[in-house]
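Every chain is named by a letter (A, B, C, D, E, F, G and H) in the order it is written, and numbering of its residues begins at 1.
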Amino acid sequence: METALTLEINGERRSVPQLPSVRALLAHLRLKEERIAVELNSRILRREEWERTPLRDRDRIEIVQFVGGG
Amino acid sequence: MTQGLPDDALVLAGRSFGSRLIVGTGKYPDFEVMREALARSGAEMVTVAVRRTNLGDKSGGNLLDYIDTGRIMLLPNTAGCYTAEEAIRTARLGREAGLSEWVKLEVIGDEKTLFPDTEALVAATRVLVREGFIVLPYTNDDPIVARKLEDAGAAAVMPLGAPIGSGMGIQNPAHIRIILETVSVPVIVDAGVGTASDASIAMELGCDGVLMNTGIACAQNPAAMAEAMKLAVRSGRLAYKAGRIPRKMYASASSPVDGVSR
Amino acid sequence: MTQGLPDDALVLAGRSFGSRLIVGTGKYPDFEVMREALARSGAEMVTVAVRRTNLGDKSGGNLLDYIDTGRIMLLPNTAGCYTAEEAIRTARLGREAGLSEWVKLEVIGDEKTLFPDTEALVAATRVLVREGFIVLPYTNDDPIVARKLEDAGAAAVMPLGAPIGSGMGIQNPAHIRIILETVSVPVIVDAGVGTASDASIAMELGCDGVLMNTGIACAQNPAAMAEAMKLAVRSGRLAYKAGRIPRKMYASASSPVDGVSR
Amino acid sequence: METALTLEINGERRSVPQLPSVRALLAHLRLKEERIAVELNSRILRREEWERTPLRDRDRIEIVQFVGGG
Amino acid sequence: MTQGLPDDALVLAGRSFGSRLIVGTGKYPDFEVMREALARSGAEMVTVAVRRTNLGDKSGGNLLDYIDTGRIMLLPNTAGCYTAEEAIRTARLGREAGLSEWVKLEVIGDEKTLFPDTEALVAATRVLVREGFIVLPYTNDDPIVARKLEDAGAAAVMPLGAPIGSGMGIQNPAHIRIILETVSVPVIVDAGVGTASDASIAMELGCDGVLMNTGIACAQNPAAMAEAMKLAVRSGRLAYKAGRIPRKMYASASSPVDGVSR
Amino acid sequence: MTQGLPDDALVLAGRSFGSRLIVGTGKYPDFEVMREALARSGAEMVTVAVRRTNLGDKSGGNLLDYIDTGRIMLLPNTAGCYTAEEAIRTARLGREAGLSEWVKLEVIGDEKTLFPDTEALVAATRVLVREGFIVLPYTNDDPIVARKLEDAGAAAVMPLGAPIGSGMGIQNPAHIRIILETVSVPVIVDAGVGTASDASIAMELGCDGVLMNTGIACAQNPAAMAEAMKLAVRSGRLAYKAGRIPRKMYASASSPVDGVSR
Amino acid sequence: METALTLEINGERRSVPQLPSVRALLAHLRLKEERIAVELNSRILRREEWERTPLRDRDRIEIVQFVGGG
Amino acid sequence: METALTLEINGERRSVPQLPSVRALLAHLRLKEERIAVELNSRILRREEWERTPLRDRDRIEIVQFVGGG
């Protein structure tokens, strides 16, 4: 995987293969697309942007979901 | 009859809810217990927290698999946020994840009491309302703050009855009563309910609803307590509408005083 | 589930009642209102007073035409009696009229408070139990008296929560709690309930039932209040059995403290 | 009604015609027999005694029923 | 000014006491501490128990050596007696030992609560009054019993505020208030006081005095608590006589609303 | 002894006060009554309002002629101010008139409740502290606000016990307790005291002082109530320091259980 | 002390020498006479009776005093 | 008093004779100088400024004092 990207995902550095889009990253991470939200470099992406948003080395990505809370 | 109360729905931001009880989804022993508790509570809105997805561990199942989202609306909260900025960002993330504008807004002022930072809360409400959110803010029991939240566009105000998770019941009914007379939006007691009568008392004061989590989730039998809370909210609401007798210091016979055969 | 609670019946003198709420039949605006209130209360036992038949006026209908005695058991009381003798005689008349051994025993000590004369009450209980009565005595909230009543053979003890008709709620929960630990027979709070939460509180203390009259009959809407009380008794009972969370002075977060996206 | 009886019923003096029994008195007073109790000269009568219990002049009779009470 | 209140003495059976605080002598860490506490309490009457003289051990000093009986009157009690007979006998022994007709009459109904057996209490009061005793009975908070005690000739009635030694304060102010309206003899709250405000509250209700032991003797600093109680009883009494403001739900400005310079 | 307590002065901004009671000067029937009440209260600090001088009418005497300013420090307030700006200006006027830096800071949020606008209060505190004022802010009972006031440099925080002039006593002791654990500056309960025990309770919670006006000025006998309050504050303080007994549900005998002669 | 008495004092059996009176017993037991009361065979003795009241074998005597109490 | 000033004092218009200073105004109004504060055109005057501060027509003056308050 010589063309790997280094991303910071949820506060942790992580190496992933070259991926065409945020959506591809989610698939790579085996995350269901329902009921999650993604922030790229402090900007929240609308769901429809995932497909067309490319990834760059050093990108900071936050992926959140719902958990139990009061 | 009990089932219905169809004329007495809770209306928030134009949307009607058949139950005046809102329930949290945290702290249950497991998801199965939660599922049963939610069912027996009759709640049509439940709060959820927004947290980073755990990328490693996929086991344990997903919260949402245990919530009947056909019947129950999800209300993302901003728990754990200590500034207006954090809360606003979390609200936006929640909106993106939940595809809904509703948010239970929390801006916590201090870790020990989990009391709100009301200044930041009002500021965050203002921003989010402008962005189209339907904001339900968790606030203290100060009527001045309640009015500011209403002025900022909150869809309801949700004063605490007692510290989150404390189970102490409504510590200051006079403040809740004054808030009810101060604002026109619905008033929902959020936090502090420990047992059924606490919920009834909130409703008897004239509140529009009650939100609770720990009181149900950490009861010895969460599902049974959930049903107790459902009945308590209904009974308190009914009693409020039925018009209670006045309190008197002395007795007043319930049987006729004349006609005793002696 | 709500409907049933079949495993949790109130058992008095070996007889099982599906509802833990006992309702009085005095002071309603009219018999029709009473009929509806009794129906919505779900009560399976109602108290009635024993009074001289009015020989002149036959109008106005008869109380019993408005009570579904198939579903509801009549419990004659001895209200208005100021001595053990009067109460014993009234109990006997009630037995003859109602063809049943059950009696709510009252020996009133004073007209203003309608508090019981407990010494006479214990004495009357002893006599009536010997005659085969099933005695449910209305008493004060003194555990020593409660124990004497139990020793005298009472089928339950029914301490007052507050003066009859006062609507003040349970004035001394500590005493009720001590009575619960002192006697083995069922404990039914009788008198003082003003609104739904008062009834819930009684049940949450661990009482076996609640008896009320004025709180329902003199509410602005008796039938609605009757239903409120039905739900309140159930919710209080469920909460008691479900095991409430402990009271704490400080907060305890209901959402996870970790994983906030910042 | 020359042979009338004078009874004290529920605290009030009352003249009634000569009647064979307590039960006849109840009928005379047009009272339903259900859910009432009768006391004759301070002694409670069992329901089955009504028929065979005669009335005498000056008898004191109490007739009670159930009314609303708490 | 504080010292004086000379027009406001407590009068019991024709005898005047400068202090409305009566103090027990049990449970102090040692006699020296008790001596100081009694001094700082300002009490002019203290209770003592009547017990078998210990024939063996003469060490440890005698209680009475630490009480200034010139200034302080001894009030023997019948603590530990469970029947009228025992209490009567103990009262007589106390009279013989103390050469005085005064007795604090206790007939205990149960070891766990130390609540009085009121039936036996009334009976014992009747007997002792006939023998010339000045009887101050420790009773429950039932106004019917209070009236019977008054009728039996008690010089005062002393209802409990809460269980002896519990420190829970006055559990049922409504009952105390009703007792105050029911009897003409002085009403002294006996038992249950835990801290200064409990004593003030008793006096503000209109009680004539307060009797306490554990609240002082078992405080961390008994002498300081004794002084606190002295001041509390005085302040409560003064407040009662001064006529407090009514409670209102809303605010009423204490500064002028006009004339603000803007 | 009572007089002394010399080791237990209230220290505010480095200045020592012999009394922990601060008294307002409004609403007395007349200045003579106020003078006597102030004397009997023992207060060493009294609040005054700043108002436009009435240029027409010189009759009626001047408030200050009735205050012994040798013994008593004047504390100007900003009552009637509804914005931070108004309050700051009034504070400056008060400083110029009184030649002292001390100010009781009020920023009122609403006429009906007279509750503070805490956001404006914190802002005004910040400004005034920077100008060298010693700021004593009247605030709500929210610990988060209390901490912000402390951070802004307030010399004490003065949470309300209940609405100004309401006489309802401390409505939320839990909040006061939490404030006491949250801030390091002195905590003075300001507003809501209706009778002596309310003041004792504030002190027993651990508060450093109590400020009141209506409770004294509008009592039927203000001078007597002033003395009651003096004693109440002292007794509550002493009880707090003396260390009260714990509350227990059951009894604990104060007389020996052994040695009863039977 | 061949002529000793056996008394039950405060619930305990006790042998004492022959003593002329209750008062002598108190002296023998070294009890101060102030603020105590004495019961002999269930009858309370007045203080002035101590001197003239003799003791008999098997007498039951109760001697009480004041102790701290509430 | 042809040279009179028109001032607004405590919200009311008022004509006064020509006066050399704020302090003179206070004397003219017969106000004691103790425990009062003066604001001139929204600026609070220090006590030592009263003497040297002249008055002009249309000046707005606020004079405050302490009254009873809580």
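One rule holds in what follows: a contact is a pair of C-beta atoms (placed from the backbone, for glycine too) under 8 Å apart; a residue touches a chain by one contact, two chains touch by 3 or more.
Being a predicted model, the structure only gives us computed values, none of them experimental.
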Neighbouring chains shared between chain F and chain G, ordered by label: E
For chain D and chain F, chains touching each: B, C
Chain centre separation (chain A, chain B; CA means) in Å: 34
Whole-Å separation of chain centres (CA-atom averages), chain A against chain C: 63
Centroid distance [mean C-alpha coordinates] between chain E and chain D, Å: 57
Per-residue overlap in chain B, given as positions that touch at least 2 other chains: 24, 26-27, 49-52, 77, 79, 89, 93, 112-113, 115, 163-165, 168, 174, 178, 213-214, 217, 249-250, 253-256, 259, 261
Multi-chain contact sites of chain A, meaning residues that touch two or more partners: 10, 39, 62, 64, 67-70
Each pair of chains that touches, named by its two labels: A-B, A-C, B-C, B-D, B-E, B-F, C-D, C-E, C-F, E-F, E-G, E-H, F-G, F-H
Residue ranges of chain C touching chain B (in the complex, touch as defined): 1-2, 24, 26-27, 40, 49-52, 54, 77, 79-81, 86, 89-90, 93, 112-115, 163-168, 194-197, 200-201, 204, 213-215, 217-222, 224-225, 227-232, 234-236, 238-239, 241-262
Chain F partner contacts - residues on chain H that touch it in the complex: 9-12, 14, 29-32, 34-39, 44-47, 62-70
Touching residues on chain C, where the partner in the complex is chain E: 109-110, 112-113, 115-119, 122, 140, 142-145, 147-148, 162-163, 168, 171-172, 174-175, 178, 182
Of chain D, residues touching chain B in the complex: 10, 39, 62, 64, 67-70
Touch list for chain C against partner chain A, complex: 253-256, 259, 261
